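Sharing a structure with you now.
The first chain written gets the first letter, and so on, giving A, B, C and D; residue counts start at 1 in each chain.
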Amino acid sequence: MNDSGRVEAFSDGVFAVAITLLILEIKVPAEAGDQLLRELGHQWPSYAAYVVTFLVIGIMWVNHHTVFGFVERVDRTLLFLNLLLLLGVVALPWAASLVAEYLAEGQEGSSLLHGSDAAHIAMAVYGSFMVYHAVVFQALWMHLTKTGHLFDSRIDTEAARRTRWRFGLGLIIYPCTVALAFVSAPLALALHGGLAVYYALNQISVPVHDTAS
Amino acid sequence: MNDSGRVEAFSDGVFAVAITLLILEIKVPAEAGDQLLRELGHQWPSYAAYVVTFLVIGIMWVNHHTVFGFVERVDRTLLFLNLLLLLGVVALPWAASLVAEYLAEGQEGSSLLHGSDAAHIAMAVYGSFMVYHAVVFQALWMHLTKTGHLFDSRIDTEAARRTRWRFGLGLIIYPCTVALAFVSAPLALALHGGLAVYYALNQISVPVHDTAS
Amino acid sequence: MNDSGRVEAFSDGVFAVAITLLILEIKVPAEAGDQLLRELGHQWPSYAAYVVTFLVIGIMWVNHHTVFGFVERVDRTLLFLNLLLLLGVVALPWAASLVAEYLAEGQEGSSLLHGSDAAHIAMAVYGSFMVYHAVVFQALWMHLTKTGHLFDSRIDTEAARRTRWRFGLGLIIYPCTVALAFVSAPLALALHGGLAVYYALNQISVPVHDTAS
Amino acid sequence: MNDSGRVEAFSDGVFAVAITLLILEIKVPAEAGDQLLRELGHQWPSYAAYVVTFLVIGIMWVNHHTVFGFVERVDRTLLFLNLLLLLGVVALPWAASLVAEYLAEGQEGSSLLHGSDAAHIAMAVYGSFMVYHAVVFQALWMHLTKTGHLFDSRIDTEAARRTRWRFGLGLIIYPCTVALAFVSAPLALALHGGLAVYYALNQISVPVHDTAS
């Protein structure tokens, strides 16, 4: 057993570093000379991947904290599931890099909307990380609602149990983004951005006895 | 709703990582041999971009904390505006890199004070980030003063409301730095440094009922 | 003397940054074109090194916190031993990179299971870091149990003293992983992964008077 | 005015990230093949720069915290001096990289102990950062002892005032390391390591009324 404050502080640190490392994905155009503005323009896939992934990690952090704000005790399973979640979060700067690199390649030699085969694959890999996060987050929530005693006293354990598929929606939507990646890579990226904004403005709620917090 | 402590801790982490990643922008001269001292001297735009951007991020952190120190409750809009602010902060190591790269290029083939076309563009991009920060910070302050109930009890909400254009000055100054970038890139960079030092020594004040804190 | 909270916060930060820097080890395949999926597949040693080292650092963080959660006072020796421990943790992204690079090389020109000579050496270096951690952690625990007065009051100092070889098992297992590296580099990496999962699910316990925490 | 807790948390973050970024300075030998062990051996200046700079940043963090642990209030000058201190700390991974690069170059074509001209310059730059830190730390301590009211109540302000040259020793020693760099670069690096260990085991003390903390 372990108190949840430490797990949160560590997770916060990991989220904060991962979201900031995203910027290393965007390169400064080398020796662009007079063409700097044009070269910068060509980098739009890097900017798009940066903005979308920034919002994705930001919202994941918000959800992580909403949930852990109600966790008082941490058992080994929760600790391990949390590590598995962070394992995916930390990989996102790499996934964003992959998308930026191959969306850019898709610009030449094929229509923008469709993109190259590599762009499809890159975007499908990106979407797979979101499927992974949805699965681990769902497992984490199920563990919390099933055990019950890890929650703090504000939580209505019975009501929480009825929400155990709370994050199940992601298990349907995110596989769809993987499929969409093969139709249009840029559209799939845009959808990830849209989902992040949607989740930002429609935060998850947690069933509590009273309106504390 | 969410307590502001967590948002602050996460934002602190992001500020701290972003300010430290700045150093990755400065490269070690490769195989300089006997010319090491000279090669180091040639890197002055990297050092200048580093120092100025370090102070800029440092002061933004100070302002961010002064404001959030008076925030007790966080709603979805504030959370989202804060994410948008951090989106710009995290990009600053890239912007500093861009300036360092093209101020250096400006050294050869054109007068130092004027700089190359690329130096102008790089510096204008840098200034645009400051415009972006000023806009988001202003939006954030307006949201806080308009809603009022997010402040803690020390704040005189009526007086705070009258300061809702508090950060409006940046909306005038920073676009000017973008214009100045096209006249002289090094001067524009120096102005950003000067503004940071000015803000460091003239911290914003927040209208409180009493002198708590 | 120094309170342990600060040492923990600093150590937490270092663990969180080190675990996140691991991702920089995995490169995005350059100009893979149609071969992206195959190129990604060829990177399996990078993914394996990432996942295993992520779990290793994650579990080290858990153990570090379990121990420091019972430390109330910090003397100079503890401070120095803690710095020595972090010195090894911070180096792990480099060790993971080394393994990823030379396990990949081992793929061509020699059997996968055996690997190249370079793969053996890389994996032995990796294992040596674990030996180093085991030695420092053991020294740290011995210092804590020998002095006794650094623990908080929940700890049964006498019982703790009898556990002073608690981390001694690692002093036997980890040198074995170094030896195994010369037999099969991939097996040695897998063993490190297995040990991390084992430690994750079988957390160390600390002898306390009562069941506080 | 600003409470010191936030300044500490931010500074902690910066110290933790800077100390961890040090590892990026050490490269993995590329395509070493059978020569991996030898190639790793050739990298000793990188390892030396890493270990010494790790200890230097670690001890600076300890001193920073010992001092700020007694600071209750933060004025604008202190805030600015602290930013200037961090400006130097963040640059250390670059300075370590510089030393590693040019100590390695010094290996060939000149005696190891003496090193190349570039090695002297690199080491002198490294030492200059320590001079810079000593100056800023001394200025910070003088500001604290002169104003007095920023300390918390445990501090004996009169006694503290008499220690205002506490960090003055560094103002003598560190310039000597710069001079020593021109005699022998490796010796100068070793001296920095020795000073760090010395400071680790002989922590600064602060005059307090009673033995709190």
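The rule is simple: contacts are C-beta pairs under 8 Å (C-beta built on N, C-alpha and C of every residue); 3 or more make two chains touch, one makes a residue touch a chain.
All values derive from a computational prediction rather than experimental measurement.
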Inset, instruction - Over half of interface residue numbers shared between chain A and chain B means same, under half means different, so which is it? - result: different
Inset, instruction - Please indicate which chain is farthest from chain C, where distance is taken between mean Cα coordinates of the chains. - result: B
Inset, instruction - Express in whole angstrom the distance between the two chain centres, defined as the mean CA positions of chain A and chain D. - result: 37
Inset, instruction - Let me have the rounded angstrom distance from the C-alpha centre of chain B over to the C-alpha centre of chain D, please. - result: 26
Inset, instruction - Note the residues in chain C that touch 2 or more other chains, in rising order. - result: 9, 12-13, 16-17, 21, 24
Inset, instruction - Write out the stretch or stretches of chain C touching chain A in their complex. - result: 8-9, 12-13, 15-17, 19-24, 26, 28, 30-34, 36-37, 40, 50-51, 54-55, 58, 61-62, 65-66, 69, 197, 200-203, 213
Legend entry - chain C to chain D touching residues, read off their complex: 1-3, 6, 9-10, 12-14, 16-18, 21, 24, 76, 79-80, 83, 86-87, 90-91, 93-94, 97-98, 101-102, 105, 116-118, 121-122, 125
